[in-house]
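Next come two complexes, and both contain subunit A; in the first it sits with subunit B, in the second with subunit C.
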Partner chain A sequence: MTSNQIMFFIFSAVIVIFSILTVSSRRILRAATFLLFVLVATAGLYFMLRFNFLAAIQLTLYAGGIVVLIIFSILLTSQVGQKLELPSVKKRIFAAFAALAGGLVCIFAILQYNFPIAVTDLSTERTTIDDIGKAMISTGKYGYALPFEVISILLLAAMIGAIIIAKKRKD
Partner chain B sequence: MFDGVPLSWFLIVATIMFFVGIYGFLVRKNLITMLMSLELILNSVNINFVAFNKLLYPNHLEGMFFSIFIIAVAASEASVAIAIIINIYRRLVNIDVEKMEEMKY
Partner chain C sequence: MASFIYDFSLLTKPIHEALYHWLPPVWALIAEMTLIGLIFLLFYAVVGLFLVYAERKVCAFMQNRVGPNRVGPYGIFQTIADFIKLLMKELIMIKNSDKLLFNIAPFIVIIASFMAIAAIPFAKGLHAIDFDIGILYVIAVSSLGVVGVLLAGWSSNNKYSLIGAMRSGAQIVSYELSVGLSLITIVILAGTMQFSAIVEGQANGWFIFKGHIPAFIAFVLFLISSTAETNRGPFDLAEAESELTAGYHTEYSGIKFAFFFLAEYMNMFIVASIAATVFLGGWMPFHVSSWTGFNNIMDYIPPFVWYFGKTAFVIFLMMWFKWTFPRLRIDQLLTLEWKYLLPINLVNILVMAFIVLMGWHF
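Moving on, here comes the complex of A and B:
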């Protein structure tokens, strides 16, 4: 049992347990807090894979941005102390059956397929912010200038749309 | 994949997270909890992209860029969805999917 394996087991246990709690908790604010734990553990997995920049994005944008947005909207729209009503047993059974069936099919497919064991030495490679920034604005091979521009338009449109939709109308 | 952690373990964790999100999306009735399940689904896909990137092309950054774009899409989707939810709450004082039938008939 190497230290990597121990770290992986801790992160994946946190992810699995808290994602189940996220979808089953009856107090909505607690569900949002459990979602925060899931997202932070995912950032831990990214740190394990040496994607430091992506892990930082995950922490700031997901854990810092989206969860705070969700918590704000919970505070605006729900009674915090109140418990959500439980869905009917039939609905829960069928949903669990669908999720379990799909999950088992995928897990069996993953276990059947022999992925090549490419041992990558993570201690030597270095991905700097420099490389990421150059790839973001380069138009050649492995360049992401077009998706970068498209996503900036999308963010602008989403921002304007959110403001317009949530604005109070005078009528 | 590296030092005792094979690729399939990452994929299995992501699969479990994805289908837990599907379960939550099917079961929940509150719009905000459904949005939270959606975030779980998007997040699990990111883990897959990053793990495959490390296995196939450890010196390139394709999977990481896909993940960054997915995170940006998720952020814009969450902001617009929450704006819509707040607007619905302002009109109907309720964000339960089964009670929203204003536009139905």
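Moving on, here comes the complex of A and C:
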């Protein structure tokens, strides 16, 4: 076994175990913490594949941004010792069936699909931050200038909306 | 020009090759990781102890006192004695707390700072990992530490801790922005995010001099916002001892408290070394372009002396802040960030981009 395989198994084990713990924990802040571990392990997978930029974005946005927001809102609303109520047995059985069916469909689809085997050397080939930066503002073929601008306008609109909602009213 | 500077990869490369020669690749990799991990652990202990001593001495100097002076000459063994005391203290378990999160929180804080220090270049060829996204990586992993602070505050089940954690959350989330933007100003000038390339780019003058006024403004903004990000005074609202006893780590004792304490000092060290690397040239000696003789003399001073000297300078600045400015109120803190630092930063980036575009930098 190569070191990459070992690391892959470690990361995927962390992802699987903590994903299950995230949805099965009855303490909501613990669930958020387990979600953090899942997201960090996913970033680890990206680092392993040498997509450094994607990994750093994963860490900043998901682990550092979204999880912090989730934890922040939990801090405001819940207390130590509070547990979510256990759903009824019927609900749990149906949920287990639904999850199992969904998992089976996914596994079946993945096993059926003929993935082209990419023969690339992971140690050299990678998308550098230069490529991403240039693609982001290029207007030619495979350039992302228009989507980039459209998304930034959308974000600006969302920001202004948030400020308007949060603003003190004068009445 | 920089021919006298010792390249540490001359030292590390034979070790790397020898390990891969003796051991199968997997074990060689594990051996290397263990080795680097041990070195960083040792480094953490030494730097942490030294910084605590330095802080107490600087504080004493600012307040016209003597500071620690009993254990060893000039009290230099005081922090070691304190450390042994902390190790022997009882770990108090809080009965009505979330035990799992309570125990995990100090580790999250210290692991985040461990991850950040991996990317920092100490001398030529002496860094654990040299990412092409160096600066972005450091910003990314240092944003993880706040999770530990929030968890610690919440799981202690104590209102002071919770208030401390909430303050720290609001503070770090907003000041992260300024840290990132002030570093991006220099990324525009350097044209790269890789730490080794940033240091090499300062071979003919540090960026703080090469980038005119915008680089200097970015340096000041970085100092202010990173002091806030590391929860240090005058921005230490999260642990304001006069109002919140000790903020988010009130309930921690013994070695778990020491983890928070150590993480705070190591974060200060990391932030100072990023400031030293990005603005003051890192391990690069003081060079003035075209003064070859002067530059050669400067090269005789070893790079890690430059590195630690600059880092110590920035750390001293941060301690100076802490012991001379009064603590801000939470609304003043957020006003400072959102109404002053952020707009200044945004304009500063535009000015820097314009200067780089016109080629006005050195």
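The rule is short, and it goes like this: the second predicted complex is superposed on the first by the 158 of 171 C-alpha atoms of A that agree within 3 Å, B and C clash if a C-alpha of one lies under 4 Å from a C-alpha of the other, contacts with A are read in each partner's own complex, and residues count from 1 in each chain.
The definition used in the following text is that contacts are C-beta pairs under 8 Å (C-beta built on N, C-alpha and C of every residue); 3 or more make two chains touch, one makes a residue touch a chain.
Model, not experiment: these values are computed from the prediction.
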Is A:K83 contacted by the first partner subunit B, the second partner subunit C, both or neither? neither
Partner contacting more residues of subunit A (subunit B vs subunit C): B
Which of the two partners, first being subunit B and second being subunit C, lies in contact with A:F53: first, second, both, or neither? both
Please work out whether A:K134 is in contact with subunit B alone, subunit C alone, both, or neither, and reply first, second, both or neither. neither
After lining up the shared chain so the two structures overlap, which partner does A:L29 touch, if you call subunit B first and subunit C second: first, second, both or neither? second
In the superposed arrangement, does A:G65 touch subunit B (first), subunit C (second), both or neither? both
Between subunit B (first) and subunit C (second), which does A:A158 come into contact with in this model arrangement: first, second, both, or neither? first
Going by the contact rule set out at the top, does A:I110 touch subunit B (first), subunit C (second), both, or neither? first
Between subunit B (first) and subunit C (second), which does A:L75 come into contact with in this model arrangement: first, second, both, or neither? second
Set of subunit A residues, in rising order, touched by both subunit B and subunit C: 1-2, 53, 57, 65, 72, 74, 76
Touching subunit A in the complex: which residues of subunit C? 25-26, 29-30, 96-98, 100-101, 104, 131-133, 136-137, 139-141, 143-144, 146-147, 150-151, 153-155, 157, 162, 165-166, 169, 173, 176, 193
For subunit A, which residues count as touching subunit C in their complex? 1-3, 6, 27, 29-30, 33, 36, 40, 52-53, 56-57, 59-60, 63-65, 67-68, 71-72, 74-76, 79-81, 128-129
Counting only contacts in the complex, subunit A reaches subunit B at residues 1-2, 4-5, 8, 12, 15-16, 19-20, 22-24, 28, 31-32, 35, 38-39, 42, 45-46, 48-51, 53-54, 57-58, 61-62, 65-66, 69-70, 72-74, 76-78, 84-85, 87, 91-92, 94-96, 98-100, 102-103, 106-107, 110-111, 115-122, 125, 127, 131-132, 135-136, 142, 144, 147, 151, 154-155, 157-159, 161-163, 165-166, 168
Contact residues on subunit B for subunit A in the complex? 1-13, 15-24, 26-30, 32-33, 35-37, 39-40, 43, 46-47, 50-51, 54-56, 58-62, 64-65, 67-69, 71-80, 82-87, 89-90, 95
